[in-house]
Amino acid sequence: MSKRHLLALFNDFDEAVAAIAELRAANIKGFNMDDLILKSPIEHPEVELVLGDKPVNVQWFTLIGACTGALLAFFLVSGAQANFFAQIKGGKPIVPLPPNFVLTYEMFILGGVFITILGFLICAALPAKRSALYSAKVSEDQIGILVKGDESAVAAFKAIFTKHKALEIQEEAGK
Amino acid sequence: MSITNLLTNWSDFRQQHPSAAHPHREYKWAMSIDLDSCTGCNACSVACYAENNLPVVGKEKFAHGHSHHWMRIERYWDNDGREFADQGAQFLPMLCQHCESAPCETVCPVGATNHTADGLNSQVYNRCVGSRYCNANCPYKVRYFNWYNYPTTENVWPEPMNQQLNPDLSVRSKGVMEKCTFCVQRLRASMNDARTQGRLVIDGEVQTACQQVCPTGAITFGNLVDPSAKVGKQWKQQQVDLNIDKQPKDAEEKAAKLRGYRILEELRTYPSVMYLEQLRESAV
Amino acid sequence: MNYFLRLSVLLVGLVVSAGSYAANTVQPLTTADDLGPKVEQPFEFPHNRHAGNADKGGMEINCMYCHTYARRSMVAGIPPVQKCIGCHQSIESVRETPRIKKLFEYWEAKKAIPWKKVHDLPEFVRFNHERHIQRFVFAQNKPVQEACGYCHGDVKTMTVARRQKPLSMGWCVSCHQKDHPVDATSTKTTHGPNDCWQCHK
Amino acid sequence: MEKDIREDIAWAQINKDVLKSLESPRRLYWVILLIALAMIGVAVGSEIYQYTTGMGVSNKNNSHVWSLYIATFIFWIGMSHSGTLLSAILHLMHADWRKPIYRFAEAMTTFSLMTAGLFVMVHLGRLWQVYYVMPYPNERWVWPNFQSPLVWDMFAIATYLSSSVLFLYVGMIPDLAICRDNIHAGWRKKLYTIMSLGWEGTDRQWRNFRITYLTIACFLIPLAVSVHSIVASDFAMSNMPGWHVTSFPPYFVAGALYSGCAAIITLFIILRYVFRFEEYMTLPIMKKLVRLTFAIAMVWTYLNLIEFASVWYGHDQTAKDQLIFKATGPYAPYFWAMIFFGSILPLMLAFKRFQTHLPILFVVSILLNVGMWLERWMIISPSFAHGHYPWTWDHDQWPSLVQWGIVFGSFGWFTLLFMVFCKVFPSVSMYEVKEMVYHRTLALKHKPAVKGDY
Amino acid sequence: MIENSFNRRNFLKVLGWGGATAALSGCGNTSVEDGKEFVTSYVETADYIIPSIGTYFNSTCAQCDAGCGIMGRVREGRVLKLEGNPKASINNGKMCGLGQAGVQAHYNPDRIREPLLRNGDRGEAITWEKALGLINEKVGGVNAENIAFLTGVVSGHDKALLKNYLDALGSGHHYVYEAVAPSVIRAANKKAYGVEMPRLRLDKAKVIVSFGADFLGAWVSPVHFSQQYARFRKPDSGERGVLVQVESKMTLTGANADRWLAIRPGTEGILALGLINALAAAGLSVPGDVAAAVGGYTSERVSKDTGVSAEHIGKLAALLKERSPSLIIAGSAAEGYAHGSQNAAAIALLNQILGNVGQTVEAPSSTPFPQMAPTTGNRLALQSLNDNMAQDKVKVLFSYGTNPVFTAPATMKLKENLKKVPFKVVFAHYMDETAVEADLVLPLNSAMEDWATVIPEYVAEGAQLNIRQPLMEKLYPGTLGLGDILLGLLKYRRPDEYNGFEDFYSYLRNAMVTNKDALGGASKDGDTFWEAALSHGGVKMVGEPVNLSGNVSATTLVVPAPFVEDATYPLHLIPAVSASMRDGRNANEPWLQESPDPLTTIVWDSWVEMHPKTAAKLGIVEGDIVEVASKSGAMKAQAYVFTGIHPDVISVPLGYGHDAMGRYAKGVGANAFKILDPVFDKETGELAMHETRVKVTKAGKRVIIVKDEGPAGGNQMGRKIAVRLTSNKVNLSEEV
């Protein structure tokens, strides 16, 4: 069963939202709301209202990364201090905590930042190849709605998009 | 090794070094300098040049403060507004104080300066990267940096003067910090001899170069742990305790004072060099 | 979404284990012998003839018979020409061999033999032969050739000695950090010194 | 009323205006670039001379072991802090006026850190052994000394630099996509294609992007504070009179933000003029920036006074001596110049008349930075000249041409990096300007915010 | 440490492995480079030589004339460091900086390496055979009367051999010249005590009053006196000795005094007499004639003349009376005037009045071999040689161990007079100012390569003969020792007597072993004796104590009134003898140049010391280049202002200002010898070193003085760094 991609470009964000709302309401056969992707030049957190809540998981990476960084730092540093070549510093223990905490703190942040970025790439599925249906207009000022659906649904998509003053509708044969 | 080692011996690694709970076991090298005997003749300083391969930097570099005198004689005046310095000068031989809690040790980024088990403040030339933080943090400013590559500098050790160099220790190249070592090459040699004979170093068996030449015998050097050592007796008699930053005797009012003191003790560096105050007769 | 969680746990685990490995394990050492370059000497001294086992034609001379300073000095010392001559002047059988003739040439000219250094350390390293010999040969009663061989390899099988071990700092430390018995009888052990000033002065 | 950014500006116009800054440079660009390269040449020459001859040619001495290198190192580190301030702190505060100007501020952060890092190395007596400072398992079994503030520095700067670069890069991904979409050939196309990672502005990308960006911003703030605190602890941890002061870390952080803000004003004016960014880098933004600078200047002045006061009323006679020495000794002209440029001159910024007068601001901002540079030098040099031990006092030390050459060259290095950046990457954040315009338009329409007060 | 009882010949042979490799090791990235370096073995060796372990050999220091015993640390055939010989009674194992720098005299890169014959302006290297033959030819060609031998202090077998050579030539002209010797004091001592140099017991004294004797720095035998000083300061009784130094320019000893009294220059004698008067007034028994002679020296008058306050005179007299024995020392500051002899006599009289003779002034022992006893030098000798040269009475001149062209005042015109001598032979280590003038330069062995015996003028106990022996093989085959040169010359003159000796070593050994009975080796066989002597660094001789004369008399005492001021040259110039530079012969040893002057901490240059008052009057501040002009000449140097000097006085150190000699000495500072006025001590005829009057003017330039002291000067700025306490607050007897 082949699916087809359809990209509609809108000038106005409100129209695009309305189009999405209508797509959802229309309950088109052969189309799942999960197959709808909104493309925009700026972020529109409002779309969650129509797209539904989609959880973000980057923060888990952050948590794990930061903790790992901290633990790694502390044990790397303390372990190195407990090396065979103990560097005895007059008046100080071989494993002094205050300096180690400073380094732990730095590595806490470093770990957090690195793994967060890693998490971002994983969660946002980047780097990725651009999808076939992409318009440079999206990065300029237009809102794009990319839908994937059965061929039977194409007509319905088009109707809805046209209704909401889509500037342009591109389509491509899906696999 | 390390992390398992770290966890198993955690309490050892958390122990301050050295401390009252973990004192020096066999050796703690220390010095005392009697300023009343010191005449400021500079013999110690020259001895240090001879023993420790110190470069003679010449006038121009000396003018820029690049001199290398591990043992330097400072000369102070106290004639505040008097017409003449009629009580003479105060000479002070200043060398690395081998602080028990040395400010230089903690700040070296590469760990080139450490505390040794026998209570020395070590400086490892080949580890040094030349950040000079140690000297920035040394209140006595007794560390000397190799601002130039003296072994190849003209007229520092021209042929055949380089034959005088002591092969027992490195000749330092540029970019390396150096300082008084308490003649560690002599200490290690005599500790080695003692060890071969299955004993500890006897007092007087090893002398630092400055102590050895001092015409008035103002410098005493030895093992503070050894109860028979003169240096230890002096410290004890003068009631100067190595591990205290404020000697209780200083607070007491006594008819006869004790002369022992350590320089800039209040910075809590716990120096291993005790000075004995200079005296002046009041009857003339 | 659990897929992401699992992946991140895996990744973090990898980093942790790599890190702790780095901190926790001793650095990789060359366990295989690190053979030094072949050194061209004034003439080839046959160590195997002098120190080698009797069944292989050697004379089993103690290392310290010639390298006599090893037990009382930092350096092991190359024997003076006098020492070679001391024996060889009465060994007529090999008197006319080319190497011995060369030896006697040096002796008669009263010239020192310009041996090349085989085991060279950087100038800032001060290895002390005496300490090691005292510890392993005299205190622990190890056979001399074994004690010397720790660092010099099996010299008795060589002609011209050739460096066998890396003689690098990590290699020294790998032995220093081990606990060695203090003498032949006691069970007390200590590790080698870990103070920089033992070797770097 | 000065003209602020137009709410009805066409978004395509924003793209066009900003992308224009990436076009082939004018001749003047190349001239300045060459000058920057020549400056770098001076520094490289000086460093080669110093490297081969020895640190002595920089004219430091045994009691005066640090000098311009460390002072300038702190200066550059300090400079880096304002980028974080603008992009991270103001981002969390939802101050939308930062949007047109944070990109180049962040670039400044990165590049001044890269400049600062060089000074650490230039300062070393044995540069060729610099790897001894890195903590890595090595054949010698020797680790760096983790107790040393210099090692903390290394950790902190490495963390800060890598985090800043990542922050700059992540924030730039949507803009890189714009570049990719608008530039159709050449190495730039390839570069932008690769660097934009296939960004399409999908809802999923934006969602994760927002959280990521926010998270890193959160990390960067404490990181920036810690970096300069750690740099301050190079001094505060030591026992040098005049350094051993508790207020040093906040003092350093305030000084850092201060010099950074001043530098942003300078670069703001330059970019505004060079790239004709009047439309985006508007005077109301400048006004806010100037007010912010003024506020930080006063905080810095206050901390300065606190430091002096705590020394003055403290028990440490040595530190007091040193303060008097700074104010009256051979360093007095520089000390008072620092006070003038750092504390008196910024009082001008309180007047509305000057807040938008760009030529005056340009000059003043540079002078403020001169003052801040002097501050760093006043921390280093007079302290060494007048430490604990009177015998080794040294009042005559004056940095040699080698030191000045390297310091001079560092400005060339920074200029070079910055100029290349401006021609390769958009120095105004396009998507965020769009957001700013969009949200202002929404606000003008009195539309209720939808969700998540953005 | 190894006792060095061994065969001397063998030793030298051992060292013959030669080519000592001195690795200038650094801390660079030196990698392991197998097979690149040589490891040199010995050909033959002795049991006591272990590579990497130092062997110590005893010898005698040649850096000054004090004759300290030294111990050279020898490793792998190189002497590395000089340490004090603990068995030497003069220095007991201690050393001064000057002595330690001997190793730099040995390894000095500027040493002459072969005999040089003048050829126009150049020196041409010739062989020793040719050089000695030439000398023999030249001395044969002139009248013996016209041959002069100028030396520094010589003693021991060198002196004996020299005497033999001069006898063989038939010439008696041996001039012994020392530029800074205490020759007036010697004469005064001879008069007062009957000996030139009595033995001073600082350690027995409870009070020492030193009139300008820098016995801790540069006077007679400083290392020995320093040790006595330590016992004087901290005797077993715990009663700390009091040192009062009276002088116009602070010396190192003055800097260590409990009370440093700045006295108007030249009035030392008056103060001594004033003290006698005050002591008499305080009830000390003083012979009648003396009391009468000093009656006029009331403390008011003395205070007016000397500038020392009456209070201090009173206190000092009280102290001297109360604490006995005391010791009064007359030093170079007291003797350096036209009335120097009188000053010294007055000071000796004070010593006698106080009853110190026999107590702290002890009789020395005479040496049983007068032909080897040291001939002490003086300045008069150079004066008479100069006169002879001026009158063309000198045809062949030998110069050894002295550098007269450098140390002679300009007024003597020595350099011009030297040119009148047709053939000048200079024995030298460096191409110094005198060697440059020579027709033939004979390079000497360093003291670390040479054989000699030394009898110091001031011997700490008994009589002794110190041995100087080579510590290593000669660095340059082209150098010879004085003994070998003299022996070579004598072989021409008295072949029968001397051809039997292969070299000076065999001569010396033979001479010593032959006389071993008198040298304390009666019970030993020759070899044992010789080896023991070498191992000890010298031998004790049986000497007769010389009696000190005790007659106290004021008959010859004339102390002139203080000087009349000179309006054109208002200031007195005191040429200072510093502990390391002395008369300048060691100026080419860089350790000494870089070793800061103890009082001013200046290095690598000379300076003009002046009092702040004087400086203010002249508008001079530290670092100003000033011109110091006397009637006889002028010199320029940097001004150093401090309070350790009398306002009427300026002081310039001697020994700087070489215009030859070597890379470390040449062009460093200015030569103060040159501007000395030709004023002489009235009794002895010695050049009065402190009599020069000068004026000081700013020369316009200002420099930053190169010194160790920082801008804080000697101020501790309220920190507790060098602490001083009054001695009554301390109980020394409890100390360890």
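In this document, chain identifiers A, B, C, D and E correspond to the written order of the chains, with residue numbering beginning at 1 in each.
Everything that follows uses one rule, which is that contacts are C-beta pairs under 8 Å (C-beta built on N, C-alpha and C of every residue); 3 or more make two chains touch, one makes a residue touch a chain.
These figures come from a predicted structure and were not determined experimentally.
Enquirer: To get from chain C to chain D along touching chains, fewest steps?
Expert: 1
Enquirer: What chains do chain A and chain E have as common neighbours?
Expert: B, C, D
Enquirer: Trace the shortest sequence of touching chains from chain A to chain C and report its length in steps.
Expert: The fewest steps needed to get from chain A to chain C is 1.
Enquirer: Sort the other chains by how far their Cα centres are from that of chain A and give me the top one.
Expert: The chain farthest from chain A, judged by C-alpha centres, is E.
Enquirer: Could you tell me which pair, B-C or B-E, is linked by more C-beta pairs in contact?
Expert: B-E
Enquirer: Based on Cα centres, what is the most central chain?
Expert: Chain B is the most central one.
Enquirer: Quick one: report the Å distance separating chain D from chain E, using the average Cα coordinate of each chain.
Expert: Distance between chain centres: 65 Å.
Enquirer: Could you tell me the distance, in whole angstrom, between the mean C-alpha positions of chain A and chain D?
Expert: Going by mean C-alpha positions, chain A sits 30 Å from chain D.
Enquirer: Rounded to the nearest whole Å, what is the centre-to-centre distance of chain B and chain D, using the mean of the C-alpha atoms as each centre?
Expert: 43
Enquirer: How big is the gap, in whole Å, between where the Cα atoms of chain C centre and where those of chain E centre?
Expert: Each chain reduced to its C-alpha mean, chain C and chain E end up 53 Å apart.
Enquirer: Which parts of chain E, given as residue numbers and ranges, touch two or more other chains?
Expert: Answer for chain E, listing residues that touch two or more other chains: 23, 25-27, 52, 704, 709, 715-716, 719, 721.
Enquirer: Considering chain C alone, which of its residues make contact with at least two other chains?
Expert: Those would be 20, 22-26, 72, 122-124, 168, 173, 177, 196.
Enquirer: Using the touch rule from the top of the page, what residues of chain A touch 2 or more other chains?
Expert: Residues 75-76, 79-81, 83-87, 89, 92, 119, 123 of chain A each touch two or more of the other chains.
Enquirer: Looking at the whole structure, which two-chain pairs count as touching?
Expert: Listed by label, chains in contact pair as A-B, A-C, A-D, B-C, B-D, B-E, C-D, C-E, D-E.
Enquirer: Which of the residues in chain A end up touching chain B in this complex?
Expert: Residues of chain A touching chain B: 75, 78-95.
Enquirer: Give the list of chain C residues in touch with chain A in this complex.
Expert: Going by the criterion above, the answer is residues 1, 4-5, 7-9, 11-12, 15-16, 19-20, 22-24, 173, 176-177, 191, 194, 196.
Enquirer: For the complex, which residues does chain D have touching chain C?
Expert: 136-142
Enquirer: In the complex, go through chain B and note every residue touching chain C.
Expert: Within the complex, chain B contacts chain C at residues 1-4, 114, 116-117, 120, 122, 124-127, 168-171, 181, 184-185, 188, 192, 195-196.
Enquirer: Give every residue of chain C touching chain E within the complex, in rising order.
Expert: It is residues 36-40, 69, 72-75, 77-82, 106-107, 110-124, 163, 167-168 of chain C that touch chain E.
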